[in-house]
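Dropping the structures in below, format is structure tokens.
There are two complexes below, and they share chain A, which is joined by chain B in the first and by chain C in the second.
Here is the complex of A and B:
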């Protein structure tokens, strides 16, 4: 019974992990850029949430998620416009990788110097400990609603991309950024919105992860690795794949922690590496 | 090799040979550090600048080299100088094994998978009692070392490593293998079509890069007589290598030297003279790297070279002048 509970909790944690991955997948899908600084931006949004909770103690912390998400969207928009767009159009695929890595180092050390290296977390009080009892299993309300939120966000993102004009423009830009110009669309501006959206989704994941477990300015690397593993395990371009990938990682992590309490993310990393070995075709075939 | 080049070379060898007699211990230690980081940056550059593979997990080789040296010296109970070759050999073997799964991935996927690999090895190291766990390993054979000569010997090892690697890279890039390598970096499909074995070239470069990094890492930790997992698997190793290469000039032999001078020059000014913390130093270094990437993506050295017309270790090749003169690989 304890194992079933572990696996269910792992699946719920996976919902959160897939939220970390979806922003990364969106940017990669549209502009073929892996944003190495994605994890640092998530940590930055978690810091913002911590400060807002401190400033407005009477407001419910989850309501404060709204200003954090809006700020992240603006930050992403500016980040793309001022920095990433300058290299995104270069034919060299390594340029954006190196540039975003440089940005991640700057952000990480800025956060260390400005906010200190202390361990922090976003406190939700009662809600973070509340749980449901279903057939004798204890299931946390927070993890469950996180998974539901992930599903809702995935559905809305899919709806936006499939059904709205904005979504059609984004998909067209992803396919042929040269042809879309003939229709009067500026690809760089589309990229700005996509990066904004990506960091806004990342902010949801970043803040909710900060509720679940504590963070430091150095947590960005770890979050990026989770996000990346989610995307690769699930298959690039597939939102539902990201959900499955996240759930697999969450289960691997919690199952690993069960018999090896200080393993951290080791078993999630191992699952990812083993999947690379046995299912390389699933990863490579998604490349164009 | 031209006569001036040999002259410059001999001067460097001479300088390194006599330096310990001239400069103080602190300066010597600093020079050792510079030379070791330069060697690591050259190795990272070999992989990224010539192999087209950006590794974000090269700290794993620094750590494996250091652990290999410390453990083998302890088990065999012989002076660590004798077990130095263990470090590159271990790293080469590990690199050869993980190349198998990793080479199925390209570009950013390879980079981050390397990082994940480094995290896995770091996690196992902190769990393994054999490798000292979280406490790390102290050099048990330090009684075999003569501490009067310790710093100079480390400096000589670091100096020969840096000079040796530079020379080896120069000869490698001058060879037909080097030409094949650069063709892969520039356009792997075109390179394949003229018969260059892309995967084999990348594999060789990856193994060489890992071995060189392991050796430099081992010497670096030998100076501390102690290796711990937090310092050995520090992501900052790869950050240093990358910033040095990017600022100096990726895919050139002189670039990392320029980058190393800026890296350590800035560090001395910022942390020593101005007394600003290491975190701010990394922020400034990152800003410099990002500015260089945006305004001069090839790095500073190619810019300086074109402006002042200096060509020290050029490995550029000129196309044959006409169809009749068939000297395609002359410089």
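Here is the complex of A and C:
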């Protein structure tokens, strides 16, 4: 029974991990750019959440997720328009990698300057410890809500991409950036929206992770690593694969902790390594 | 009335000059064939017309507007459409979604999804299919239909017949009668001299980036065309 509970909680954790990865997957899928600064932007959103919680103590912290997400969208838009678009068009994949790596370093140091190096977290009080009993199993309410939120966001993203004109434009731009221009679409503007969406989704993951565990300005690397593993494990180009990848990582992590409480993310990383050897295309290898 | 007027156009691929001092024109509702061998500069010319390639000098006027070095996305709404070489369909979109991309230019006109399906009935049967599931001929029809959905005044067709069976090419060329009946002018870029010559009011021949022949189709024989094509 304890193992069942561990695996269920691992799956719930995976919902959170999938939220870390979906933004990265979106940007790579459309622009073929790996945004190395993705982790730092998630940490920045968590700092913004902490700041807003301090400014508006009477407002429930989860409601403050809304302005954090909106701000992250705007930041993403500007980041893409002013910085990343300058290199996104280049055939050399190294240019955006180096640029976003540089941005990640700048952001990290900026956060140290602005917020200090102290450990922070987003406090939800009793809600973060609340659980409900289902068939004798203790299920955390926040982890369950996070997984449900992840599924809702994934479904929403899928609906947007499949059923709306905007989604069609995004997919067409990802397919043929030059040809879409023949129909009056500016690819750079599409990329602005996509990066905004990516950082907004990352903000949700970043803030909810800050509820679960503490963070510092230096936590971006770990978040990027999880996001990257989620995307690759699930299958590059597949959004539902990112959800499956996240769940797999979460289950591996918590199952590993049962063997070795000091293991941290080791078993999750081991799973990633093993999957790269036996199925490098990922669990779900088709494009969504 | 002259719809497209090109004067002294020069375009480069890096340091290599692909188009040299090119003059070219298309009148309203006219069909013009642009012929030439591989590497003559035909596709480069079309891509520079629609703004996908920058030109070094010369002017391009479309419907009395100077569109020289205007960005492709700003030319799209003026009524200059293109069926690119190799079809270049959007791989993750269905047939219907590919066709609907043409409506993004928001140009009013008679070309609707219904009309395109009437022109190419087999596309309606495959409307939910993706390009990879279609034959070459069907993909070409989607590419043409997509361009028509933007209701162009002038449609540039780049190597429509390339890689297709003759019977399929015949079907596609028959559709040009309906397209011209709607008042759309055509530029047909082809390596198939005979077929394009038969469908054109005027012909140009391109050789190493320069015009080697320019004449009304009725004033030039196939033999003369072939000589200009090969530079003999």
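Observations on the structure shown:
One rule holds for everything that comes next: the second predicted complex is superposed on the first by the 280 of 288 C-alpha atoms of A that agree within 3 Å, B and C clash if a C-alpha of one lies under 4 Å from a C-alpha of the other, contacts with A are read in each partner's own complex, and residues count from 1 in each chain.
Convention: contacts are C-beta pairs under 8 Å (C-beta built on N, C-alpha and C of every residue); 3 or more make two chains touch, one makes a residue touch a chain.
Predicted, not measured: the structure shown is a model, and the values here were computed from it.
Shared-chain residue A:60: touches no atom of chain B or chain C.
Of the two partners, chain B and chain C, it is B that touches more residues of chain A. Contacts of A:221 after superposition: chain B is touched, whereas chain C is not reached.
Once the two complexes are overlaid on the shared chain, A:163 sits clear of chain B and of chain C alike. With both structures placed on the common chain, the touch criterion links A:89 to neither chain B nor chain C.
In the superposition on chain A, A:129 contacts neither chain B nor chain C. With both structures placed on the common chain, the touch criterion links A:175 to chain C but leaves chain B unconnected. The contact surfaces that chain B and chain C form on chain A in the two complexes overlap at residues 287. Within the complex, the chain B residues that touch chain A are 48, 52, 54, 56, 101-102, 104-109, 111-113, 115-117, 119-120, 123-124, 235, 239, 242-243, 246, 277, 279-280, 282-283, 285-287, 289-290, 293-294, 297. Looking at the complex, you find that chain C touches chain A at residues 50-52, 71-74, 76-77, 81-82, 84, 88, 90-93, 97, 100-102, 104-106, 147, 150. Across the complex, chain C is touched by residues 165, 168-169, 171-172, 174-176, 178-186, 287 of chain A.
Of all residues in chain A, those touching chain B in their complex are 28, 34, 36, 83, 86-87, 90, 92-95, 97-99, 101-103, 105-106, 109-110, 112-113, 221, 224-225, 228-229, 232, 263-266, 269-270, 272-273, 276-277, 280, 283-284, 287.
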